[in-house]
């Protein structure tokens, strides 16, 4: 393989730039040329290709976002979109592609591979909800940002003896809530993977104030419900007096940005380089992951027995094999640590 | 004066702990004893006094919030509340009081002074909206927190070519918006002290994208309107296409917390110590400020000619002499710097 | 087991407080009482025991250092010291001990266990050089601190086209150098686990400037030699002109302090709680670790076949089974990423 | 004036990029063209000019260092160097110059003005030691970096009951030491502007430990002596036992780098824009400053009566009028706050 391309797709995540840098530098060090495709699959179809050299990715290892830009492009699910993209890849002499993004973007990688352009997926999303990897690029940074914000809010919470419901991101996964909640000493963590008992939460709040606690922080994963809705329901279940001036807040978009943490930079560097090694061997249709602190790769599509991330069922339905699950031992751990 | 007390009142602000520490240490170094009053004027009335020594305020110079706690207590505006508080002060042998808080809390300090207990106000609020001082304790930290958050959101904004409306705090003052906006390179800053033209903002957004800009950040002071409302009105004034996937976000409570910046710690230390020096001279009914980088004090109540912060008009109405004004040269500066 | 104690030993590390908190809260939630022993084994012998409750460890999850204090105490290697310590444990009704520290402190835990007081070790050190665990508490924070410092120095390096040799901690291990070096985009990483060629480094510097690079950062693990010595040798191997105003710097003690990262807080919380679970089952002589993202424990002393961390050879010599090794794939990765 | 240039000179400082951005954007918004000169006066002589537009300075408001590069160039003190520089200015059609740097670089600005090219100086240095301004660009960031480092070291200091001597930058000025020392709650601050009594410091350390303090931090300005030398002298003046395992450390180059604080970004933006306004009026030979929170300018060379920063005495000797002085009230303040 003489020339490869790299793109970022879906929501941006801190560490994507570090991953692009690793793709570019690893490829060049292996004697390949590299193009960047701007704005994801949309840019591929529109022909937004730029040649990247070592200097193009200088000083970006620590920058948030993605300098290539990202975009949603549902049209790429259709054959027509794919063929246009392939035309562009051919026109630029590209022989392989690295796709950095959520698992939605893996399907495009699979299609390109089927059309003869080996493509490898790299998991970049703050939500940590991608199959085939213990951690995604951006997760550690998002946890850190959420933790920092909760730490700040706790100052205010403690000063005023207030109860706070803080909604964090994570789509349908509770990972950000669990990690940020434990890291910031949250009193309760509410995630979509577990049922919760609003009356028990209300009782916990009451008892914790009675026992002298100065603050009460409930970390809520967005996959459960919105902070506003949760706050309303909590008000229905508790005496206003016990809630101590309840406030609800949604951390919002700060969680997607910011300089990546050391861990995310190293993870992104390893994954980007690993993806290039796979392409160099002519392998595509794979997604990179980290398992037990080691780089691994899994077929994107295939049978569960082959270790594929997704399988096709009758009727074209896509089945997720071995879907991502938040670590419920962390949920249990927090119940012990929030003891009062 | 042999024994003084210190309390924090109103919304908490980063640096309040550093101010308390300065009050305690300065007082002890001048041979006085110090009590802390918990939870503001409410705690004064309820008799929540604790003796503080040097070690009580060890390692708090860098902590957010206020370890004494704060609370609203409108009852202190009534004579009855004041008399109860004074009874408690007498019972604890207190001869002077330092009140750290917003200018609402200054009125209590004035009343105590009138009743024979010299009290000095120290301006602690993130909003920078207090008369008698160039800067308040907590403002620099709030600006820093807002700037950091906007920097993070810009990563995402640039990656997706999105327009963001970001609402920052400041009550009726535009100071946080102006400083954080300039510091983070905002494209527009909208503050209550100036009119704004929604059509011009919409035009700016369109033109900036046409000229190749990758992001568009509008920093909105909460005193103008909410981000949601602003977003709605902007949508009415602009083509959806030009807005590039508009998002609105409210930074919220993180702005009130967090470890104080170096500047806020130094400012709080100076102001706390200065308040003690005034009490030591037997002076009360004053509020501390920083003017031209020097410690100053102003009478809380009196005539404008005396330099008093507030005057009583006929009918008991309180007039704010020389009210705080945001620096509109900063607004003008940003219009030049956001040039495209 | 009704009552346990916890101590921190050896050099302090960020996250030790989070581990103490987890020990205390997990134990209380399991119905046990907990004492803290101040200043490590020295404090055990001197009888510095304090009872800890839930509130004692409130708000410390994010604090650097160890509030129990730590100290070196080589006397505990002798039987006499151990017996004195045991006397104190008995006097306080302690039935089990959690020891948080480097592997030097594990030996004390082994001795206590042999004397009938089950003790469990928890790996707390920034150096990541402890057997039986993939990561130690404090490592991620030290990497982050080093990365932040290198990022700052790079600003200056790039502004002046200077070459910097930056010495980071890690004792005999290159882990901090590898992680911080990759995370900050270092041009070279020099670690004790690999030979290095000073002429090659000099050549790299020359070539990188010729190719237009603006800075050159060499991250040096302290286990190799001091930055001063390295700088001198580099000067001997290179033309002064090529070194572009060489500067050497030692990051120093900032690497041991600071608020722990999210990852260290979660790791410390998991390990502290796991140690308590082992004690609760009456198990001692074990050290906690994380392997493949799961909590594990290993016998401190025994045969290699049993998975023990250390074995006793003839003559009382201690053998380290399966000693810690830095991940040399990271070293290889950086050689590709520093491509120019 | 139709076209101006901007350069950075001397040691780099955080906020220089923000100042460059302000120069460029303000100039463009006033209808002028702007060139950047790379690597200071050396680059001026060598003809390293690049045209800058609005996008050239996008996203740099928050970056440390200077993207134009900086360099020492003593040759510019000679007429020959100046004439070469002027030739280049003429060749590029430049009519005015903004020089961002220490007051050493002001002399070049004065010479250019005398040769008919109005030049304005902007004070950029972390040391805060420049005449004509209350604060320099970069000072607040350096204070913040030093404070953060001292906070981290305090964790370790408190965990081990150690005494630390921490050397901070500042050349001959004690400003960084004073601000960072107060902000981090240092026990002693030693600056060149005041005599110090080593015996008194030793006594303070002893007494503070006796009174129960867990740590002892001495912040030392580099203008006094090196940390190593100070440590040696302290060891001579004190009992080893009282020093509690004395450590000395030099914070070093991290103080020059890093993302500028909000305050430095705003200050740099104001100063850069103000310099352009002066050039626009055809004024040169001036240096920008901030006094009492307002933008001011002073003649670089002239009589003290004119408010000039420097005067020429007989024999060509340069006299500094009204030299910078650290605020000794801060030194006094810390003596009270470090009370024990």
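A, B, C and D are the chain letters, set down in written order, and residue numbers restart from 1 in every chain.
Heads up, the rule we're going with is that contacts are C-beta pairs under 8 Å (C-beta built on N, C-alpha and C of every residue); 3 or more make two chains touch, one makes a residue touch a chain.
By chain, with names taken from UniProt: A, B, C, D = ATP-dependent 6-phosphofructokinase.
This structure is a prediction, so every number in the text was calculated from the model and none was measured.
Of all the chains, the one whose CA centre sits at the greatest distance from that of chain D is A. Chain pairs A-C and A-B differ in how many C-beta pairs they share in contact, with the greater number at A-C. Separating the centre of chain A from that of chain D, both taken as means of CA atoms, is a distance of 41 Å. As a whole-number value, the distance joining the C-alpha centres of chain A and chain B reads 36 Å.
In whole angstrom, the spacing between the mean C-alpha positions of chain A and chain C is 29. In chain A, 151, 154, 158 are the positions where the chain touches two or more neighbouring chains simultaneously.
Touching pairs of chains, sorted by label, consist of A-B, A-C, B-D, C-D.
Of all residues in chain A, only 8, 12, 14, 16, 63-66, 69-71, 145, 149, 151-156, 158-161, 164, 214, 247, 249-254, 256-258 touch chain B in the complex they form.
On the chain A side of its complex with chain C, the touching residues are 21-22, 25-26, 28-30, 54-55, 58-59, 61-62, 134, 140, 143-144, 147, 151, 154, 158, 179-180, 182-185, 211-213, 261-263, 265-266, 269-270, 273, 291-293, 330, 333, 335-340.
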